[in-house]
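The following pair of complexes shares a single chain, chain A, combined with chain B in the former and chain C in the latter.
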Partner chain A sequence: MSIAQELAGPVFRRGPSALFWPRTLITGWFFQLKMQAQSGFMVLTALVQPLIFASIAMTDQQAGNRTLPLLYFALGAGIMGIWSTVVFGCGGVISWQRHQGMLEPLVMAPSPFVLVLLGVTLGTATVGLYSMGATLLWGWLVFGAHMHFAAPLLFVAAVVVTVVSLGLLGLVLGSSFVLYRNSNAISNMLEYPVWLITGLLVPLSLLPGWTHPLAYLLAPTWGVQALRAAAIGGDSAKPLMWCAVVSVAYLLLGVWLVRVVERRARQHATLNFQ
Partner chain B sequence: MTVVPAGTEAPSRVTDRTSIRYTPLPLSSSHPAASALAVEVHGLRRTYRTTTGTLRRRRLEVEAVRGIDLQIARGQLFGLLGPNGAGKTTTIRVLCTLLLPTAGTVRVLGLDVVSEAKSVRRQIGYVFGGDRGLYDRLSAYDNLRYFAELYALEPSLLRRRIGQVLEVVGLTGREKERVEGFSRGMRQRLHLARGLLHDPPVLFFDEPTIGVDPVGAREVRQLISELARAGKTILLTTHYMFEADSLCDRIAVISKGAIVAEGSPSQLKAAASDRTVVEVKAYGISDAVVESIRSLAGVQSVAMEVSDQAQLLVVQVSDADQLTGRLMQLLEGVRVDRIATREPTLEDAYVALVTAA
Partner chain C sequence: MSGLALAGSNRSHFWRVFFIGGLISYRALFYWISPWQYIPTMLGAPLFQILFFVYLGRAAGVGSTNFFVVGNSIQICSMAGIYGMTMAIANERSFQTLSPILATPSNRLALFLGRGLPVLITALQTCLFGFLVSALLLDFRPSLPDLPGLALAVLVTSASCTGFGMALGSIGLRVRDVFLVSNIAYFLMLLLCGVEVPIGRLPLALQAVAQLLPLTHGIAAGRALAAGAGFLSTVPDILLELLVGGAWAAAAYLLFAYFERSGRRSGAFDRL
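Now for the complex of A and B:
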């Protein structure tokens, strides 16, 4: 029997393309996660730095006999790790894909390029969960942090919303990274300032007032507040809602940016290294 | 520009079959039936802007393609030949919607590559040569699975379709292996499989046999030949003249961003039929001697290939009888191993066209 005879039905899926988007997104997310979870660089980025910062903060806390629970710092360091993974992952993965000659086949596929990129950035943010797991485990095993969660379900919801939100912020960053060949330099610049101004290790109230508006625009600010409130106690619904609001804004901005950037990349021939 | 009118003779394609086979898949329901031409290019220009200098930055404009006109009929296997930097890959990238043209109109199956890019993408497959363009950490199957999803293939057909394209390119049994362990030839086969996944009616092959071993390259050529026989429209770029000669119905020669000749392989060869090729295998031919030969009246072109220590001097002359004696005089003191005259091949015609451009 020939191949033509063996096949029954159309080649392409039928129906409105919007129905296929979740499937395309989930498949993209799965394969990006599969690839990045095997990358030594990504795993080290997600593990080593957060553990160092978590250790410094928890040691300082214990030595100073201060009042904040150790879980507070473990969670902050965990989000720091997710942010590092996103910022390096989005810059690194996209320039790596360009080096590998993958950007052209991806852009050439008929699926919306924004879905392809979103799969990459959500996959990257999910790999960052290594950090969260590692810092919590480290705090519990080495520093004896109490792993009591005030609202476990809200904590899980906060983790999901924070990861998705960071993935969407990665989409905004990643879309501009497609255009610039030296994207790694940009990602190096973005890591530390965001750690500082979003209150991941230093409480937001200790930072100068002019940094607050900027902090409120960044998902890690709301993500870490929601996680800490759900774990230690407090109002986690409000930061969770704001995290969702900035996520929608990132999504809209990302979709627009990806369209602009894809067109500019086709204009300026920045999809490959030749 | 030399434009040779379209010929009627049948192309001499490779016909024997080994491990790679191709049977046509049904075309998609969205396949546009409108245009009789698969590819139409009118006045295509593409300029790259770049900068130079450290302190004083200067803007540069490089005109990669300078007003190309091209028409490829449905089902035709069309070759685009030219030296490095001639504009072949730029042309293909514009056709594949990866680059926007600076000027001109480009249509694939009647669809505009700028305003209807998404529709064009469903109808084309792009197979490029080289190691890049695959996810090394994923298996061959996962690479295809990911792209099958991006091409919105019917889910119920997906697994079977991947199995079929793997079988077509001879990778059945290796699909679970990670691509990082694949040889160059296997990677090339996987590129082919990906290009065939959605059964596109128009295929672009950009140097598909580059770096592939002779047996693998032969199999790739057989597959291209079978795809053409199955009715696919194919645009092929290659540096291997015998490949273009054996596969293509028509060929365009591109040089410095412009098409300098177009026709069937035999028509292009005929364009160089007014000359004879003298080949001299020798040792120790100096650059000065080459220049002296080049300046002889009646010499059309001179090229020299070096293989190990031997040199192969290829001289295209208008009158071999008259010039062979002069040639031998100039080669006095050089150890000549062999001298022979022959009819011009497609490669000689290509060299003549590109040299004259």
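Now for the complex of A and C:
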């Protein structure tokens, strides 16, 4: 088959069509995972920063008069790391592809653009798992946190659902931030408020009531509740279910936003507009 | 002949490079200067940082609100000091403008220190904002007679962080990814300098490291003033903070001079 015939055909659609979408997704996810693991900034975000925050929280906890278990803070700091990788890695995902000169080829390719982006955002959220492992290990080794998991299988399920949910939230961030030229500044600002209102280190009951509806819309709130319930004890089914529900909402919103952005960029010929 | 030997003797030339050169460098190299960057990064993030740690303290049942307000409101000056100075020096290399600058006969001290002044002003603005929002949202009320002392502690700490940032920026003349170094330094200072955790809670080795870092003594002075200890009792801490900052600034200048000389020898100023 000549190159012209190759290009005229469905280049990326060989093999059973049912496998096309999962294959595109998995390839994008794996490629992103490898790329992010090479980035010094991402390693800092996913490893060093969560360890520092976990150390602060656990030292304060040991000095204070409350009785929350250290595992509570180790898990919260782990999700903080995942959120940081998502907000920095996914927030500028479209802008980054544009900066690299990859946006036009990606939009032009036969693969649905949203599927490519989804692989990227899920890969970025998965890199955040480093922080979860690191904070648990740090808590155990340095602070003597008791690492007993009440429901290990539910814990693993909660980790998977939380990472997927944050990856889908990353898709929403990435596709909405593209309309804002200074998306990195928004990313800089979004770390602390989400850490705070989703109850990652501070129990929601200590926060003003008006923050609770906002917290319920955000995946980290349900993710950390599911993880804590599975690890420390409690009902993890309800937060897991809500984590899945908000994930579906993020997926629908993300797909819609990507379509809007793609269509507008094509109409106004601003796909590669910096 | 080395660039240092070419230092200009004309006093007006020195101040022109110091003020005008410093301002132009700041406008050219400080990423966050536009309001769209400045407001979310230099005001929004510090505001939420203060709130986050105040609530974390409440959750752990440790420290008072004032402990975290003073610690974080002073610490946020290091954002401008560290990142701003890193940008003001190391970005010359990233933007490939280092060689032309070092080819000029400008006084190196003026060239170097002039970049610190706008950064210092930015750091002060950030601190002031931190204290103002803390007064509005967290009921932070220092006593009026202690305000001048607190302002002095903030000024000295901001200058000290700027000196530390100069050192990191100078390292950026050689290290490829200096922002990684700056990021690690910034976050480690949260843990080590008594911002969120009383220094006495840290292992002894880390307590010793904390004494050599900016922020540590300035925050201690700020907290004492906010608690009404009186200015005189904080003078030693303020002087120590000044000493630490001066030492970092001197180290930064020596590093800058060393990297300039070695860059001239190897012809590798802009090598990325």
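The definition used in the following text is that the second predicted complex is superposed on the first by the 241 of 274 C-alpha atoms of A that agree within 3 Å, B and C clash if a C-alpha of one lies under 4 Å from a C-alpha of the other, contacts with A are read in each partner's own complex, and residues count from 1 in each chain.
We take it that a contact is a pair of C-beta atoms (placed from the backbone, for glycine too) under 8 Å apart; a residue touches a chain by one contact, two chains touch by 3 or more.
Since the structure is predicted, the reported quantities are computational estimates derived from the model, not experimental observations.
In the superposed pair of complexes, A:L122 makes contact with neither chain B nor chain C.
By the touch criterion defined above, A:I186 lies against chain C but remains apart from chain B after alignment on the C-alpha atoms of chain A. By the document's definition of touching, neither partner reaches A:L173: not chain B, not chain C.
When both complexes are overlaid on chain A, the residue A:L71 reaches neither chain B nor chain C.
Shared-chain residue A:L271: touches chain B; no touch with chain C.
Of the two partner chains placed around the shared chain by superposition, chain C is the only one that A:P203 touches, whereas chain B remains out of contact. In the superposition on chain A, A:A109 makes contact with chain B only, while chain C stays out of contact range. Across the complex, chain B meets chain A through its residues 23-30, 48-49, 89, 93, 96-100, 118, 121-122, 124, 126, 128, 130, 132-138, 142, 145-147, 149-157, 160-161, 164, 168, 194, 198-199. Those residues of chain C lying in contact with chain A across their complex are 32, 34, 36-37, 39-41, 44-45, 48-49, 51-52, 55-63, 177, 179-180, 183-184, 187-188, 190-191, 196-198, 201-202.
Chain A contributes residues 40-41, 44, 48-49, 52, 55-57, 59-66, 68, 181-182, 184-186, 188-189, 191-193, 195-196, 201-203, 206-207 to its touches with chain C in the complex. Looking at the complex, you find that chain A touches chain B at residues 2-4, 6-7, 9-14, 17, 20, 23-24, 27-28, 31, 34-35, 38-39, 99-102, 104-111, 116, 263, 266-269, 271, 274.
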